[in-house]
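Read through the structures below before going on.
Here chain A shows up in two complexes: once beside chain B, once beside chain C.
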Partner chain A sequence: MSSPETPAAALMPSIGERESARRVRRSSIKTTLIFWSFVAPLMLGLILFFFVPIIWSIVLSFSEARAVILPTGFAGLRNYRDLLQDQQFTSSLLTFTIFAFFIVPTTFLCALGLALLVNSAKFAQGFFRSVFFLPTACSYVLASIVWKMSIFNGTRYGLANAILHLFNLDPVQWISSPNPPWYWLVLVTVRLWLQLGMYMIIFIAGLQEIPRELYEAALVDGAKRGWQTFWYITVPQLRNTSIAILLLNIIAAYQAFDEFWNIMSGGNQSLLRTPLMYLYNVALGSQDYGLGSAGAMILTIIIIFFTLLQGRLLGFGRSN
Partner chain B sequence: MSTSVVRPAPRVTLKKALLTTLHYGVLIVLALLFLLPFYLIVRNGLATEQEITSPNWTFFPSALHFENIGELFSDSEVPFSDGMVNSALIAFLQTVGQILISLLAGYGLARVPYRYANQVFYTILLTLMIPSAVIYVPTYVVVSYLGWLSTLQGLVVPGIFSGFTTFLFRQFFLSFPRELEEAGRVDGLGYWGTFWRIVVPNSYGIIAALSVITFIQSWNAFLWPFVVGQDRTAWTVQVVLSNFLNAQVLNLHELFIGAAVAILPLMVLFFLLQRYIVEGYKQSGLKG
Partner chain C sequence: MAHGSTQSRRHFLRYSASLALSGGLLAACAGTGGGGGSNSDLPALTHWYHQYGEKGTHEAVQRYAKQYTKAKVTVNWVPGTGNEYPDKVRTSLLGSNPPDVFELPNPTVDQVKAGLVVPLDDIISPVLNDFNENALKPLRINGKIYAIKMLNDMSMVYYRKGLFQKAGIEKEPQTIDELISAAKKLSNKDMKGLYIGSDGGIDALLYILGWAAGSEFLTEDNKITFVNERVAGAYEKLRELNASGGLLPDAPVFWWSSEPFKQGMCAMQWCGLWAMPEIQAALGDDFGVFPFPALDAQSKPAVGFGGWAEMISAKSKHIDAAKEYVKWLWIDNTDIQIDWNVGYGFHVPPRKSIAAKTDKLTKGLAAKAVEFLNAYGHSNTPYWDNAMQLALTDAVSNIVKHNADAMSELKKAADKCDKELQKLLS
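Up next, the complex of A and B:
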């Protein structure tokens, strides 16, 4: 009998040992067909909507393509040079890198804090978890509406300004003031509100997977409940969860568009543009697809670089 | 002597009680902060324009104006009901398409012993490194070449091929009990028969979890619908609200009641299926 570990044999259990090689090849053709009958829809789609766009974009990035999506002439490296010399593009890359470096640890620590607070609650734990998780159902557009038009509205009727008024303070132009750049407060809080719940859930799952015996053993060994057990048991045990969260988080920060677009619209885009917003203006606004493609390629390279770097630094998140 | 023995005990419980109070105090304050934006949507949505823009901010509006809902749906300037229909259709098709395609591919990758299965899997992993938002300009170019701008297929189809969902299903199927599948083989089922009759019926949990998450993400998506759905008729509800938010003339009570209506379907989903949503995020977080 065939062993259960080799599914090829399980496919045709009736094949005897002495069957000819022809028969075996036939089964491998059959296996190939079966495999592709499962995987082909996905692969065709990925080819058409992932690989073809990237290749097309590489071609366009070295071409003239204004108002048309097919190359009209060879441009060499000009698109790349123009982009890297455009201060709008380089400053948006820089700002967005700073943003990623700030928002990632902030989200990480807040989510961990929230998870610890909720996970150690003995009463109404499910209620608090649901409340903090609820904003993940909200879209960035919706949150932008609340943050821009209600909480951080620059007029007297904005909630933040109404609170300032209670203390006899002047209203603040939260979004349109270039200096101090209060708009960062608006953008960071909106992102935290939307995302913390999801990361908190992942952390809670991680916390609940830590075996209780570890804590009991530590207490028997004389460790103090609190910081000591947290530092020597909880933190190391959360390593994999942490890596997963950091990766998810960085990738999310790199795609910033929705809330930035909706909050900074109406003349305030000059204060702050994410790279994807810049690309929108170039490719869909000015219809320069060569330039837009070059920008998409530069971004892609940066993201691959960070993903690989992070994978290398963190040992790619595998425990063994 | 006897007092010194008794004394430390209440001190410890007092400290503990203080800590518990502080713990719940922080939790309650945070919970109220997290709920505030939802309250503001409803408050502004059911208030009059004068009340929203009054310089004297009040927590509760003086009366609830449910007629704002009717006003929103009959406002010819804002294609709100079209947006809701478009969003529902797109989110539904995208969820069904993405789950079906990923389910099939995940199973094939996990179980069919094809010689190049690993190479195919690595190719799919490659697509995980580059988020679709980052290459939206290249994808837009291809979709516009196909003549799919402002069409249903342009809005739906590019989003149904997900390397990530496939990856999650593959991981799930790798740990699927083989004995169940072999029982099917013994009964004379091929790969397809085993898949539909045995594997899928035993995977409803993960299918439900990933479906709900896909639906939520699709309903809330902004960048792709905004870029591809250029005609008013192709706007999703998020694009409608975004255009409304950025319009020259503002109509805040309508904007906010629109936001409230747009999130209503997801709130219903959340209360009914929270277990699956939590499960889905756990899966996608831990296995990512």
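Up next, the complex of A and C:
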């Protein structure tokens, strides 16, 4: 409101000010357009290929959908009930829990050990890092076929049996015999070979973040180089890295599919089947997309539960 | 830093981002293009095949497509092994642009209920009697035929005649017990008696054993019939075979490759008719064939009626043209059917009259194989689906590898199959 002393016109913005405001608005619109031109493709991709499939999967999990991806009827919780009462599905949940029990601590300890060795190498550190990281670039399918048909072939010409033959031992049916279940060795070793390099690199990055002064101070205080410095300095300093690796490892273990599908093929699948293998059969084999989606939701809930539990127990993200 | 160059970089980024975005949007609106050309009056059909292993098959199907003058046929040769191709086809049928013509082992009840495939009675009915009933069984749903068989595959036991003579085995095994005995006799430190796959024969003989016991799995009036002592006994025989020491337990290839047999890793192998030419080339006359033996004198030997069948998508924009094309290929064109079946691999033309005219199948061991197929061939109805197969596979695996009680495993499997069957019938 204008005061009696100030003419109303004087309160109106001047031409210059209006022009300036227009320029600011134009500049703001341009900035917004530029922002969206860079971000929109990513957002579109995320929506189309991430959020929409998840929401659609949730919808299908409560629907009848056989050989079609549009619901043909409302199934309620029937798909979930059918799966949780299905012995083939529940035993596959046990399979992947056992697998996680083997692979997670093994990968963690081997990756840490490898990282410590490579990080302390006096020469050719880059070479060793690359060599151990290389298998990460190999396809899981290719590695599985090599493991199945060449290394752990059940004939005496397979590499493992050829080594046993040198010691006059009988060939072992590594994959097809459940007594004893040597297929666990095959599956764990192929996964270790494929993923150790990646976790080793993450550990190396974590190790290189540890300030040197901590070790120097410890040595001055009389700590012995080796186990004492490792246990009292390295391990605590690697806490967040370790938790992140455990998290990634557990998620990867629960999503295991490629090596199981290719190694335990044919009738051997019945010996050991992960939930994803079973759902592959349900969704792509039987084309029961309602049941398959329900299974995917159950798996998602399990993975989220264990991830949150682990984060809570180990204090992920908490400051030192 | 020069203000002018910062501004020009900013301008460049701004405009190139806008250009990229608009280019992407234009491309999305433009459609996929393709087609057209001088034959634009002819209907355009896409035809999918899986990647056959035999040399020359890809060129052959392209030649057939070119020979057909009433439509412009584009062949898609889809790579992959095992279930990769069927999975790709089934997925594409869900989309808006599936192939017009495609091959699969058989249609499924769910595909028919969802209206994804077209019945083909109008093109097959004039020659229906020229097909073996067991070849038609998997293709018929609710009285209508949804696929035209392109080739019949069958498997049998190949054996080395010289090794049989050396081991004193005078005749081909007539029962499973005789087969086990032969496998044991033929095994030595360098070779095993029989190869039936690296899973103990579960995949190769899952249905064969039931049929060799004289049983079916699902009758045409949808009764589950495999829970009986004879089928249980047959799977127990597989367990006995696995424990006998006469099996080659593993090989770098699956049972459908004849390499273990050709390379002398085993004296007998379960393998397909498709392997006969290469076995002949490798071993000359030193091999014979017999069907999988009967459980005992109360039943007959068994072989399976496998193969591929041509189907037409209900979403095709040229259903009539597709039907004409399929009829030309697999009903009318004798030369193509003979060429396709025996020109590259070795299969049996599905039409009995054409099989009878196919020279390569009228003499020697190939003729025997055709006799086995006609006399002992079995197939499952389309109501027997993937979920039922999985349930039965698990049951057989438990019987063979975990020494589980055969009857109770079969009962568990039958319960699961029944639940699945009710879903299909609803």
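Keep this in mind: the second predicted complex is superposed on the first by the 280 of 320 C-alpha atoms of A that agree within 3 Å, B and C clash if a C-alpha of one lies under 4 Å from a C-alpha of the other, contacts with A are read in each partner's own complex, and residues count from 1 in each chain.
Simple rule for what comes next: a residue touches a chain if its C-beta (ideal position, glycine included) is under 8 Å from a C-beta of that chain, and two chains touch if they have at least 3 such contacts.
These numbers come from a predicted model, not from an experiment.
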> Touching A:Ala67 in the superposition: chain B (first), chain C (second), both, neither?
Replying inline: second
>> By the touch definition at the top of the document, which applies to A:Ala217: first (chain B), second (chain C), both, or neither?
In response: neither
>> Which partner chains sit in contact with A:Gln88 here, chain B, chain C, both or neither? Use first/second/both/neither.
In response: second
> Is A:Ser286 in contact with chain B, with chain C, with both, or with neither (first, second, both, neither)?
Replying inline: second
>> Just to be sure I read the superposition right, which of the two partners does A:Thr307 touch: chain B = first, chain C = second, or both, or neither?
In response: first
> Which chain makes contact with more of the residues of chain A, chain B or else chain C?
Replying inline: B
> Which partner does A:Gln173 reach: the first (chain B), the second (chain C), both, or neither?
Replying inline: second
> Once the shared chain is lined up, is A:Phe38 touching chain B (first), chain C (second), both, or neither of them?
Replying inline: both
> Does chain B (first) or chain C (second) touch A:Leu134, or do both, or does neither?
Replying inline: first
>> For A:Ile245, using the defined touch cut-off, is the partner it touches chain B, chain C, both, or neither? Pick first, second, both or neither.
In response: first
> Which residues would you name on chain A as touching chain B in one complex and chain C in the other?
Replying inline: 34, 37-38, 41, 69, 149-150, 155, 265-266, 284
> If you look only at chain A, which of its residues touch chain B in the complex?
Replying inline: 4, 6-8, 10-11, 13, 28, 31-32, 34-39, 41-43, 45-46, 48-50, 52-54, 56-57, 60, 69-70, 114, 117-118, 120-121, 123, 127-128, 130-151, 155-157, 159, 162, 165, 193, 197-199, 201-202, 205-206, 240-241, 244-245, 247-248, 251, 254-255, 257-258, 261-262, 265-266, 276, 279-280, 283-284, 289, 292-293, 295-296, 299-300, 303-304, 307
>> Considering only the defined contacts, which chain A positions touch chain C in the complex?
In response: 30, 33-34, 37-38, 40-41, 66-69, 72, 82, 86-88, 149-150, 153-155, 158, 173, 175-179, 265-271, 281-282, 284-288
> For chain C, which residues count as touching chain A in their complex?
Replying inline: 14, 17-18, 20-21, 24, 82-83, 87, 90-91, 93-94, 108, 110-111, 113-114, 116, 197-203, 206, 248-254, 265, 385-387, 390-391, 393-394, 396-398, 401-402, 412, 416, 419-420, 423
> So in the complex, which bits of chain B are touching chain A?
Replying inline: 23-24, 26-27, 30-31, 34-38, 40-41, 44, 52-55, 57, 101-102, 104-105, 107-109, 111-115, 117, 120, 123-124, 127, 129-142, 144-145, 157-158, 160-161, 163, 166, 178, 182, 185, 190-192, 195, 216, 219-223, 227, 238, 241-242, 245-246, 250, 252, 255-256, 259, 262-263, 266-267, 269-270, 274, 277-278, 281-282, 285-288
